[in-house]
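First, the structure itself, so that you have it in front of you.
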Amino acid sequence: MSNGKLDRRDFLKVMGVGGVAASVAACDGPSYITSEQGAEQVIPYLSPEEYVIPGKGVWYASTCLQCPAGCGVRGRVREGRVLKLEGNPDTSLNAGKLCQMGQAGLQNHYNPDRVTAPMIRDGGALKEATWEQALALIEEKTGPNSGISGSRFAWLTGPTSGHQGVLLKAHLEAMGSSNHFVHEVINTKVWQAVSRDMLGQSMPTLRLDKAKLVLSFGADFLGTWMSPIHFSGQYGKFRSAPDRGMLIQAEPSMTLTGANADLWVALRPGTEGILALGIANLLIHKEKMDASMLPAAARQLIDRYDVATTSSNTGVSGDRLVRIARHLKNKSPSLVIAGASAAGHAEGYQAVAAAMLLNMVLGNVGKTILPTNEFPFPQLKPIEGGTADLGRFAKALEAGQLDVVFYDGANPLFAAPGHLKLGEKLDAVPFKVAFSQFMDETTARADVVLPVASALEDWGTHVASYMGDETAISFQQPLMEPIFPGTRSTGDLLLALIKMRKPGPFDEIDDFYGYLQSAIGTIPGAIKGDGEDEINTQLWNHILQKGVLEVPAETTTFETSIPAITLSDHSDNAGYPYHLVPTPRAGFYDGRHANIPWLQEAPDQITKVVWNSWAELHPSMAARLGVEEGDIVKITAAGGVIEAMAYIHKGIHPEVVAVPMGQGHTEYGRYAQGRGVNPLSILDPGNDGKTGEMALYGTRIKVEATGRAGRLVKTGATETQHGRKIVATITGDQLRRTEGS
Amino acid sequence: MSIVRNFIQDWSRYRKGIEDGGFHEYEHMWGMVIDLDKCTGCNACSVACYAENNLAVVGEDYFAHGQAMHWMRIERYWDEPNLGDKASKDTQEHGASFMPMMCQQCNAATCEPVCPVAAAYHTPDGLNAQIYNRCIGSRYCANNCPYRLRYFNFYSYYETSWPSPLDMQLNPDITVRDKGVMEKCTFCVQRIRTAKSDAKMDDRKIQDGDIKTACQQTCPTSAIVFGDLMDHESDVHLLWHKHQTKLGTPKQDKKNPELRGYRLYEQLNTEPSVTYLERVREV
Amino acid sequence: MNGDLEPNRVLFRLPRPGRRSGVRFLGLIMFLVGVFITAALVPAPSYADEIFTSPKQGEPSAWSGWLEKEPGPFPGVTINDEPFDGDDVEQPIEFPHNVHADTNKINCLYCHTYARRSDVAGIPPTSKCMGCHSVIATDQPRIQKLAEYWEKGESPPWKKVHDLPDYVRFTHERHLKKFLFDNPDMGVERVDEVCALCHGDVKKMTVAKKQKSLTMGFCTRCHEANDGPFDCQKCHK
Amino acid sequence: MAEHTAATKDIDEKIAWAKINADVLRSMQNPRKGYWVALAFCVGLLSIGIYAEVHQYDIGMGPSNLNNPHMWDLYISTFVFWIGMSHSGTLLSAILHIFHADWRKPIYRFAEAMTTFSLLTALLFPIIHLGRVWNMHWVVPYLSDRGIWPNFRSPLVWDAFAITTYLTASVLFLYIGMIPDLAICRDNVKGWRRKLYTFMSVGWRGDDRQWRNFRKTYLLMACFLIPLAVSVHSIVAADFAMAIMPGWHVTSFPPYFVAGALYSGCAGIISLFVLLRYFFKFEQYMTLPILDKTCRLTFAIAMVWTYLNLIEFASVWYGHDVTSKEVLLAKFFGPYSPFFLTMLFFGMILPFALIVPKIRHNMPLIFIVSILLNIGMWLERYMIVAPTLSLAYHPWTWGVMWPSWVEWGIVIGSIGWFGLLFLIFVKVFPSVSMYEVKEMVYHRRRVVFDDAEERVMKPSRQEGS
């Protein structure tokens, strides 16, 4: 990297104050001995920077890459080290707030298990190599002389956006390939498809703060769904007096959002659509709401689901349905959303569409669901990930279509269900290159490992897939010098790969930083550059300062249409009578953060378990099995068996066993390896008929007690308050009396 | 004689303080309000606290022994005593009850008088200070804390918690505690100290919002409000005022008993500086 | 690892005995019994009552008799207080403070420029040294050594002489503000007198050497005399 | 001498003084094999404790299994137990001395030694339980460069004062009471012992002035020691009573602790009585009537303790404090109930065995009973410390903890330490007070003589008085 050229980076040079403090004698007599002379080193700057004062923290803006939501962060930098991350108050997406995963971005960056040097598979094992060797090998396999045809090359990445996305596409183009598989387990693809079909745009703006009631079908918008911190901010306003909103959550197993619901409805997995239609039925027939905008087919469909049918399918009592309908009628505007547990079934699309239909019946579209502005730069738009691509990828592998696979930001070997047999299929691919920070399951089986810089050491631009009110590009800038000199920026590597393959427009550009600077210069906007300079310095400085650039965007309108919805009734499966719910949790997310000690030690929000996996059971199920908390249960699906310790609570449907995603790594460093189980490994095959997304919540299982007990490590000795006034709760009526309008 | 004189002086000051709300002698009175209705129990504050305060990650075994170091812990209860017993219900009727618990910075703290070496003492800012290098580890303070919010370094956690390069993240504004030292939430005293120092350098007073605790800063729903209770314009003072919790009285003389403010275990007369606002549930 | 980062792995600790030194324990217990017995026989000091009431301004306190309040810019403290003979510290370059501060009358704050803006006074950046020494005294061996470092693009690894324990926070900026900038008797040109209160007479030294004990007693005596804060948490982090 | 071992036989008033000297001095000479075995056993126990403590010193408090609700456990309860043990000596030598109960005379010396050594043992525990032992001297007020002091409001600081004062006083008391005996020893031994006794007997010649001063000093010390003994355990009780925790914040704790202390001390005396009587063949001096009296005294104290215990239950039960009630119920029915009920049985029911003469006169049985009483008293202390910490105000942190090998090791080591000190004592110092036994015998003789005199020459006696 051409360090000398980039003055901007000099501030990152370290000013070392301190060293290792030696220990002090046991009895502190005359206290001269409590400090040493000449034991520590002080290494001054070579050249000073005006804005860097040793001993004072400086805040730099960047973007959080811990999950795809794309929140803005600021890092406190002192003596060349980033010490703390906070939300960037200049963004509208997260407005200065951050979740636990964002806070733990530091330990992603400073992780002791990072890959520090390139590795090449040599005789079955990965051995450290130099960058020259690694790049030479890649050139040999994918360069212009390798003779590889584009169709036999593929990228498997996580969701990406901005200029990295541009470079990725450029590389694919240089390779002559169109095989870009984007994998993301926790996604909103189905919601987007439904929105596109019913509203005319895939990411409508949701306004929880404007709603008086939110009915959520398994959308964990406070934890993992879409843009949790953005929605948490809205939730804070939603919960503010005088017009405090009400939250109803219907889902098979309690999520963080469910744990905050005023009314929590346990329902049989896969019946979310029926519940939505049943409520629509009640609204139309009992609450006499106007449904004239619905086409006849939709009316007929709704009419099918009277209280009895809905109740028998979903397992929700009729009283409760009536109550929900009455609340929906009384509290307007409301907002109905549907998340992972609704979408993760073979009829996931239909279920989400039914929820959207309910929005239309309630007249929420245009009130709490608003059109999103059109992002003006199509090339920078986010490349969304989903699980459908994993299926496509597996098919392509099975057909033997791929000779070379590059991975970046995806760990398919961990996240893929066992039935895909992805491991064996990938082993058959002759050449696999992993761009990776960590030795995860996929990286460990690659042929070449390229260690990349962490999110806090790299440049980049990001466009959030859910942007809310503000159309903006978020910027990522390094907060410190790379900790490990052996790592390189992904952008730099992509540029090198493109140049390696084919001469073209990127030949003039030295590195990703230069590319980014020149690319930003072309952005038209409110902030104009000096005009003469090649680089728009003023804009650039603004961006570095704020971390986010608002871009002008066109307003749009909805084009509503109602597709045909077909839902089948709930059916029993005698062999596998129960349902498996692989719950995503804010924390490990899909398992990518299991190597972060802070997050391993942070108790799960619902069960308060740390450092392990567990299986959530309903007390009735536990009684049936004869297990108590901590006993190990065996969960058998058609695709495999997992064993986990039981945690028993009533926030789960009696026919459901919930096992959190995230643990069960076989690689991935000292903190993650060999802990817990991975529920994704035993998923049943099955896809959403419309979008092809995997039916994550559609697995049928049977459960047995093993007779063994484990040690369920959790915080909290009790589940109840023992009559003490610890968390005092009052009713909404009382709130309206005291703080109401 | 000076013992008698001091005693009389202190006693009269104390009595007067009680009548005037208990804190007129202080420079600042840092206080907090946590709106339990907004708290989602997401744990962001807890991890932010780990990052800010050099909290050790103890690992599964020590955690199982109850030796964890979470200054900010989110408690989760399933029952809701005020709303009647839901035990008969088949599944959970409402969500869970989350309770962010950190040192309540009591103004009549039970931990302070029992410390043999005065490592736990009350600062002129109204904080319960814990001076780590003075602590001899008698653990009396933790025994006498009704909230159980003091954490003890049972091991030299730093030897295992931050394998290189994780140790580069350690905040130099706070000591990394060694074995045998009691520690607890400090209301991010290093931030208070820096902000006060900066304000004094500029010869100005501290403004509301100059200091944000790590938990407050990260709280996604803004459920935590922190500030100076003596600054009558501050958000935290306005909230205390609005919900009629007052320092210096064991029993709150609320005009309207339905107002949401309460302090945990008020009946013990510890006078915490943290007011919780009751959670609301539509039933 | 990046070489620049190496010395930066600060691990702050409290005083503790070395590991595996527990065999001394029995002796310690015996010592303690002695101490306890002695302590029980020795009456408590008469000013024990002053412990928890920090004295009002102007009111005599337990410490008043100990201090000779002297007229002048710094009541109660002088440069000659608390003599302490520090160790000789071997620096990469034997920097002559006397030549700079005494002979050439360079103001302390010219080089230690962060002192008035930050907690730490800082060592001047190497570029600042080279600012003068690219032309001045380039024939001297020490300067040539400096130039060598500069050529290599490195800074000399200076050794810290005045080190406080890691649980102590000392801020240079506030002390300079109090004793220098807010002190009508003082001007910036006399900053060396302020520095000397804690750092000794650096003007007379070549390589800096510890001349003051910098113990807690050293701090508290000055705080007492100058109405500095007595809140433990102000200085202990 | 067979006639003297008869069950009801009191001390033989005809015994020659030289024989008393000889018997006691014999007990200090030529340790037999059994002594060395016992010594090795105690050293073994002590080394377990030292090993555990060194381990804990190196690693931190973690290996002791202490955790967040249980910041204190065995260390503090054993501390209170040993402090309790120390009260026996004061009771026997000081209180009974003032009340002129002459039966104390043959047994008070070892009881005082027990006081001193159990204090020395107790003193270890507050130190061992500190997280940073190497800073323990900060609890003591001393002039330091920093100008800071301990927190005089803390009961732990009071503890430091109280225990050190009590230790000093009881060491002095033990030593002063021993001076005439040391002089006897000095006159009968050679070698290093002679040097030692010469030094320690501070020129005792047994002349009139010395005896007069000695008696005054001894009485003064006794008077001084009694309030100290009461205060030291009241202050230990304050460690708990000053806290706000349910089950600790009990007004009746100081008298309750003092009663418990006297109780366990007396039980300890019975145990040592039996041991010394058996091993040193002190049957002539430690006679059964003395044991009877000791047992009756123990029983009386046990009843006081029982009464205070019941008062505590009643005041919790009829009070309004829900948390205290929870703790009490948890003691009865919770995870601690086996310990608690055992403690109630040993502490309240078992002392009734002491009033049965058959049990009293069966040496092995009374020894077992006294050991069980002390186990009960140890459990009592444990039941004060642990359940409260398990169940305090905040349910989220409730939890029961079982001590680890480190804690047990140190507790066992403390027994070894006490035993070691005591074993050394009995071979270096006379464990039966020779001069006081002589005094006692003299007085008994006087009584016999006087009775005879009364019968024969009544007028002259009247004249004499």
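Which chain is which? They are A, B, C and D, in the order written, and residues in each are numbered from 1.
Heads up, the rule we're going with is that a contact is a pair of C-beta atoms (placed from the backbone, for glycine too) under 8 Å apart; a residue touches a chain by one contact, two chains touch by 3 or more.
Please read all numbers here as calculations on a predicted model, not as lab measurements.
When you average the Cα atoms of each chain and compare centres, the chain farthest from chain B turns out to be D. Put simply, the chain closest to the centre of the protein, by Cα centroids, is B.
When the C-beta pairs in contact are tallied for A-B and for B-D, the bigger tally goes to A-B. Mean C-alpha position of chain A lies 32 Å from that of chain B. Inter-chain spacing, taken between the CA centroids of chain B and chain D, is 44 Å. Chain A and chain D have centres, each the mean of its CA atoms, that are 67 Å apart.
Note: centroid distance chain A to chain C, computed from Cα atoms, is 49 Å. The set of chain D residues that touch two or more partner chains comprises 132-137, 145-146, 148-149, 160, 393-394, 396-397, 399.
The set of chain B residues that touch two or more partner chains comprises 68, 73, 75, 77, 99, 118, 121, 134, 156, 164-165, 168, 170, 172, 179-181, 265. Touching of two or more other chains is recorded for residues 1, 5, 8-13, 15-17, 21, 28, 165-166, 215-217 of chain C. If touching chains are joined by edges, the resulting network of the protein chains shown connects every chain directly with every other.
Put simply, chain B touches chain A in their complex at residues 35-38, 40-44, 46-48, 50-52, 57-60, 63-64, 68, 70, 73-83, 89-99, 161, 163-166, 168-172, 214, 217-223, 256, 258-260, 262, 264-265, 276, 278-283.
Within the complex formed with chain B, the residues of chain C that make contact are 1, 5, 8-16, 49-50, 52-53, 165-167, 169, 171, 173-174, 177, 231-234, 236-237. Those residues of chain A whose C-beta lies close enough to touch chain C in the complex are 13-21, 23-28, 30-32, 34-48, 53-56, 79-81, 481-485. For chain B in complex with chain D, the touching residues are 62, 65-68, 73, 75, 77, 99, 101, 110, 113-118, 121, 134-140, 142-144, 146-148, 151-156, 179-182, 265, 268. For chain C in complex with chain A, the touching residues are 1-2, 4-13, 15-18, 21, 24, 28, 84, 86-87, 89-90, 114, 117-120, 122-128, 150, 153-166, 210, 213-217.
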